[in-house]
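First chain A sits with chain B, and in the next complex the same chain sits with chain C.
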Partner chain A sequence: MNYYITTDEKLRELVRTLAEQKWNIISADKQGTRFMYINDGKDLTVDAKARPTKVSAKQFVFPKSEPLFFFKKEHDDLKLIDPQAVQQKTVLFGAKPCDAAGLPIMEKLFNWDYKDEFFNKRVENTVVIGMACDYTDEYCFCTSVGLAPDSEKGSDVFLVPGADNHYVVKEVTPKGAAFIAEFKAIFSEAAQGDIKAVSRTQPAPEKKFNVDEVKNWLDGHFESEYWSKAGETCLGCAQCAFVCPVCHCFDIVDENCAADCGRRVKNWDACQFGLFTKHASGHNPRETQPDRYRQRVSHKFKYYQDKFGETLCTGCGRCSRNCAVGIDIAEIVANIPM
Partner chain B sequence: MENIYKPELVEIIDIIDETPDIKTFKLQFRNQDIQNEFNFLAGQFAEYSVFGEGECTFCIASSPTRRDYLECSFKGAGKVTNAMRRLKKGDVMGLRGPYGNNFPVDSMKGKNVVFIAGGIGLAPVRCVIWNVLDLKEQFKDITIIYGARTVADLVYKRELEEWKNMPGVKTVVTVDPGGETPDWKGEVGFVPTIVEKTAPVAENTVAVICGPPIMIKYTMPVLTKLGFTDENVITTLENRMKCGLGKCGRCNVGNTYVCKDGPVFTYEQLKQLPEEY
Partner chain C sequence: MEALQKIAKEALASKEAAFIIGYARVPGSQKTRPFIARDEAEAGQLVFDEYCQNNLAVYLTRIARPKEGKMGIVAKSCDVRAIVALLQENQIKRNEVYIIGVNCSGVVEDPAQPLSKENLAGKCNMCQAPQPAGTDTVVGEAKPYERADDKVGKLLAQLDSLSPQERFAFWEAEFEKCVKCYACRQACPLCYCEQCIADKSQPRWIESSASVRGNFAWNMIRAFHLAGRCIGCGECSRACPADIPLMLLNRKMGMIAMKEFNYRHGSNMDDPTLVGSYNNSDRNDFIM
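Now for the complex of A and B:
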């Protein structure tokens, strides 16, 4: 693996160059609320000490609402028009390990058997510049789901903060290497050890549970008293799914723009909504909120593991940090009566 | 870019009013090449769309042995199905599919087959019935037990008559108590009772069952009593779906994607799933 060095100022210069070359440039906003498109080096936020943004970066590969095709009625005929293929090269700056890891996790779902090229094209066109994290609060639990503040999973290029506004830059994937080669004025070559990474100022999140033990318990406890307790306060608002870097359930609906044209879109949806599974007959396999909360926990820590060999969680803590009634998924999982 | 969500255009070539609220559409692809190449197996489903209203999921109700068209039967229940009710012959719809697994018709060959259906649950079963009847010499005795709430709610009435008159096919049609008309000549009683009364032989027999959850719940013990083993009872789960492609997460029952791993399951497989369907 090759190592390089860069600085805050150089990264801002990179943003200016990328903007001139019409790249899509994504960075967290200054308030730490969300990732957004920027066009100016001064708007770049690469901050290892920042709290994970309120909303994850997943919308750039799996948008909240994405047109699948357009339809137009002409006389007696009907035309279906594909949306323009996503071609624009994109760079995502400053993804924390708990954000970057979401991409390869979701990639499995979008590619088993049928391939969702909407997702794939976006991932293919995106260079993820991940960044070691130096933030921990009571909601963080990346270390409980096999990640860590310095995990490179999902990153193409990985930044580790060093002394004096320097970064140690690692090329993680061939795509990352190509990116560094393309912008070699920004990244000076270095040998490992040329520059010391700054040690974290925050302790890594403590390990709150063991995913294997949790999975073992879930394997045998679809029916358990624990679920009525775990899900009893949930309001079913599904903010947890919307801020999550890996929740990927969606709805497909039609939107009309006029009597004779419209589009079909894929919209984020969530298993916490009562309507999610409700049949036309009125029958609902998941009738109550605790049923739906059980689904959320089981999908993350058992079903996805069964099906795709991954935990459907990066331990970012967003769902818990933002929950209106204070449900903390790590606490729920850690308190399973094993 | 390959777009797995984009349907093909189909034209409604015929509409049959089955009951006051159930219709059958006979559909043909606009593009004749697609019609010629379209292959499916009994039990597979498709996503049907009315542009501007949305998509919904039903099984393909016609048999794969009949290749010139596709049929689906539906009840006006929600936004899309009610929009479908307003469509006329010659109108254009969208269709994606076929999706999911299928009934093991090949391994049913050389055996007796008992079909048990309730209400619109006859639609997915009808696909296998015609598949089996079109290749009848390869199967042993066929029994069809079908029930609906009232005489007016029976679907495929013309075909029920046709099946009744076929040699080697025993067709028993029933309506719920109170649902009979003065001139009703069929059975009166709930499906489980009529299955018990008809008492099909379990030996060398496969049972295909589809209907409301309550019907299946009370018919299963009857089948067990008659000697049917769980692996010889096959059903199809009609979960709510959106994508049909194993992505949208809606039809999951535990770690199973009904749209990919199903919709056809043996009762033995069904018992392995969490009770959430």
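Now for the complex of A and C:
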């Protein structure tokens, strides 16, 4: 494992270089709402102390709306047109461990029975520059789902804040190593001890529950009374799923562009919507909001575990932090009457 | 707090109310959240103070109606306006709800911070009557509070001064952020359609894609559907994970309803609704 040193100023310079070379550059916005494309070094936000953005970074590998193909009527024939291939090289700056870890978790789903070429191409083209986190609030629980403020899972390059606006840069994957090699001027070589990482000012989030115990309980309590109270005040919006770095459900719809053309699109969908499981007959197997809330918890802490051996949650706390009615998933899981 | 809990307990004990939709404290925090008390012990968890931001009227059309007894609800004066609007629109009947009015001294914008002039919810700036009227009972005391700068009003005036193209660009940038989670709809006490137009697929009126076109269609339709109906609680803005200032749209629509028709929704349960009524003095100069 090789170590390097860089600074805030150098990272801004890197943004300028990447912009010249037509890379897609992604950074958190200044308001802390979401990640967005930037083109200028001054718009770069790399802040270990920042609260996780309200919306996660997943839309850059799993867009909220992605055309799969276009169709056009030509005389009596229907012509299918592929969307433009995803080619542009992308770099995601300042992903917190709870954001970066989402990529390898979603990767399992998108490569299970069908290889999702759109997702895979985007992941392949993206260099994730992760960053150790120095933020904790009552909603954070990364430590409960096997992560930590310094987890490198999902990062290609990992930054650890050091003294005097320096960063200790760790090369995590071969892709990260190639990136560092390509932009040598930005990363100076160092030995591990050259720059001391600054110690965290915030305590790591406390461990709120044990995922194995939760899984054991979920295995046998589909019909538990607990659910009726747990999901009672949920209003059924999809905010929790859409801000989540790993929720990946989607719907496929056809949309018209004009009378003779259209497109097939893959859009985000969510299990908290009543329509999500409603059958054409009118029957809905998840009829009430508590039924749907049980699905949310079970998918994260049981079904994904059953199928892929991973928890479908990075403990970022976004769903709870943003919930208009104060539903806190970590609290609900921790309060399971085990 | 005790007075509120006592009234709630009595309403549940006497079976006047089947449950009470109220606020409870989030454990270990000053924050509160919606809570449905179904027995006397749970009624002991009800609280009311400046951290009670939610407009609980939203639950009246979403919760399963009780077979016996009324739906009890704790309501600030702004929430009462939403309840009155639901009565005007015939979504609930007055004898189906037991309203525990709470006198209000303003609520916070950011629940992590104490109430102050700087941390006052936008809706409280516009509040005309912190003491709720027409409720079954009222508890607590309304203390005067200092109003803050009307940020939404200022931004609206600024937007009004722009050219249509510039205004379009402003909304295009805002709507681009929309992820179509429909938190605005779900948190809105007046978005109660059993089937939302956004969920209709045959025909599909509004694209479900969270693209600029689909997002414009959704947010504009919602604004139109709330024209002359929004009671200004601001829950849509508060629920939006993309920080889109939705209240700008709703407030503008409300201002037009006031200017053109001298109408304010949710003021009186016996008033007909704006779009459901006709008056000879209504403007008709736009009809050819």
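Please note the rule applied: the second predicted complex is superposed on the first by the 338 of 338 C-alpha atoms of A that agree within 3 Å, B and C clash if a C-alpha of one lies under 4 Å from a C-alpha of the other, contacts with A are read in each partner's own complex, and residues count from 1 in each chain.
Note that contacts are C-beta pairs under 8 Å (C-beta built on N, C-alpha and C of every residue); 3 or more make two chains touch, one makes a residue touch a chain.
The model shown is predicted, which means the values in this text are computed figures rather than measured ones.
In the superposition on chain A, contact is made by A:286 with chain B only, not with chain C.
In the superposed model, A:251 makes contact with both chain B and chain C. Of the two partner chains placed by the overlay, only chain B lies in contact with A:117; chain C stays clear of it. Of the two partner chains, neither chain B nor chain C is touched by A:19. Contacts of A:334 after superposition on the shared chain: neither chain B nor chain C is touched. In the overlay built on the shared chain, the residue A:197 is in contact with neither chain B nor chain C.
In the superposition on chain A, A:80 contacts chain B only, with no contact to chain C.
Of the two partners, chain B and chain C, it is B that touches more residues of chain A. Looking at chain A, you'll find residues 251, 253 touch chain B in one structure and chain C in the other.
The touching residues of chain A, when paired with chain B in their complex, are 68-69, 71, 73, 77-78, 80, 82, 85, 109-110, 112-118, 121, 222, 248-254, 256, 262, 264, 266, 269, 271, 276-281, 283, 285-286, 291, 295, 298-299, 302-303, 306-307. Partner chain C is touched in their complex by these residues of chain A: 31, 33-34, 54-55, 59, 64-65, 138, 232-233, 235-239, 241-243, 251, 253, 255, 265, 267-268, 270, 273, 275, 288, 322, 324-328, 331. The touching residues of chain B, counted against chain A in their complex, run 1-7, 9, 49, 51-56, 75, 77-78, 81, 92, 94, 212-213, 238-240, 242-243, 245-250, 252-255, 257, 260, 274-277. Taken together, the chain C residues at the contact with chain A in this complex read 26-29, 31-36, 54, 58-59, 62, 64, 177, 179-183, 185-187, 199, 201, 204, 207-211, 214, 235, 238-239, 241-243.
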